[in-house]
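Chain naming follows the written order as A, B, C, D, E, F and G, and within any one chain the residues start at number 1.
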């Protein structure tokens, strides 16, 4: 989920979600960045209105994957 | 009630004031000085028996003195200052209640001493009086006619006298007839609440009227909760970490990440299972619309 | 349920749900296509607002795999 | 969700979830395929028992408030 | 929420949540960092088991009507 | 609500809710203090365990599944 | 939460939320004031319309941590 948090952060900071922006944040967090995943993330978020998506009331899975990446 | 027993004399503006009046004014002043709190209460409608009972049951907590209005006024004027605000509450028949309890406790005690009382014929009712339908203690007899004459919808049913329908027999502000008052009493309906009725309580420069003295615990708790919610919401809204908000803030961030990943169908390892299930859910949703058609595979038919 | 996934896929890709479109997708997935079933599906989905139906899907996966990741 | 639908379709058709298989299906549905998203999905699905994951989908009413978009 | 996202990101990346770590991430996201907010956040997170909090995050404070209280 | 906020503040600060304490806080906030309201509030709070009241009052039926708790 | 109560109080009293205003209120409540937290709060509230925030769809605390400091 690091990639997603990075995207959220960039978005909330008012920036555009680009590969470079995401990579910069992940690097700063010492994440070992996989280009493919960054590209995939940016591509997946392209058509998404993030604020709109966040306003959706999603129920969290019961067993939150605490240990999950 | 020795005060009312003393020789009556018209209140005139005269240079000569009888000693007993001077003594009484001095006593009022002394008691106001001595106690933290005093209240002016209405006496009308209270019996001397009930007053004695209240005195007995509140002994040690409060002192009740009946006094002539003009002497109370005189004492308050003499003291001067903020206390004179209480003059506005002197009317009709007044007693002074002195106490070291706080005004709210004092009010509470006086309210708790109130008892139900019958209403008298010929008096104006301060409230609506409603008679509920249902059985009465009476056996059939002339009572039925008397009830009906008083405007009460009585009838005989199953060998007993009953009230047929619920009816408001007197509205607030209307005069109660002698017949109705008598029947209400026979039905053991005591519509009035009688006791020492607080007009105002004074403490330390402050005048409290009855509506200010009612303590509503539920409303207070609701306000506390509202205050807490306000603080919590504001802190959440601006992402300000406090002991109360830090965990919800983390959870909120987590939820937002999860939501975004799900909405964006981002196959993060943590949510891949949820994505699969969501796709499956979409499938089921569409399949459910096709339930009665030939479009479904065997595995989608129930 | 391959047929329904194919329909969903075509729809989400912005295409029209036709027999040819469904068949193409199923073929690509190596499904042994039954023409009658495709016909029935296309016919049944006519007049159905898929986006609307999906937005009403008021159920969310509950037990997420905690071990995921 | 197209990518996920495609993956499930391939799986249900009895195929193995590979990049090529998913791409073939997406192409057939005229999706403009982003290679990295396919890679990311296939990578995320590695080691996942899909049937098992779906069988856990004991769906529950969301009970989400009206706010839900 | 930028500060919180940054903390979560650092945590998920396996790092320790320190002022420096959070600042580095925020800077990378071009957030105009307010030192005191970083300090306040790090201080509030002391003694908090984030994984535990997340695993309990099954019921996230939902948008609820203002009527409350 | 100023009076209530003041009471909550005094309480949270570990102080006893007295007329003087509330007045001091309100004065510091430049509230034009009404003595009778302070007295009424203090008196109303006398029999209330604030922590208890808050913990009970704030658990409001959530728009969330049974997981609540 | 003391700091937040103080801010609410200052705001409701019609004052501007400044470090000095919040400190004055906290001092009156005998709170041992931490400058960092005051600064962080003032910074966090910058640009926030408090009345609007309060009136908006409110988030309900999960359960008031009665014992929380």
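Annotations for the structure displayed:
Heads up, the rule we're going with is that a contact is a pair of C-beta atoms (placed from the backbone, for glycine too) under 8 Å apart; a residue touches a chain by one contact, two chains touch by 3 or more.
Quick caveat, the model's predicted, so the values are computed rather than measured.
The interface with the greater count of contacting C-beta pairs, when B-E is set against B-C, is B-C. Each chain gets a centre from the mean of its Cα atoms; the one farthest from the centre of chain D is B. Separation between the centroids of chain A and chain F, computed from CA atoms only, is 40 Å. For the pair chain E and chain F, the distance between C-alpha centroids works out to 28 Å.
Chain geometry summary: the mean Cα position of chain C and that of chain G are 52 Å apart. For chain A, the set of residues touching two or more other chains reads 1, 5, 8, 40-41, 44, 56-69. Shown for chain B are the residues in touch with two or more other chains, namely 222, 225-232, 236, 239-240, 242-243, 248, 253-257, 265-274, 277-279, 281-284. Put simply, chain F touches chain G in their complex at residues 1-2, 5-6, 8-10, 12-15, 21, 24-31, 51-52, 54-55, 57-60, 62. Interface of chain D with chain A (complex): residues 34, 36-37, 39-41, 43, 62-65, 67-69. The part of chain F that touches chain B in the complex is made up of residues 1, 4-5, 7-8, 35-36, 39-41, 43-45, 47-48, 50, 53-54, 57-58. Those residues of chain B whose C-beta lies close enough to touch chain E in the complex are 222, 225-226, 228-229, 236, 239-243, 246-257.
Only residues 35-37, 39-41, 43-44, 55-62 of chain G touch chain E when the two sit together in their complex.
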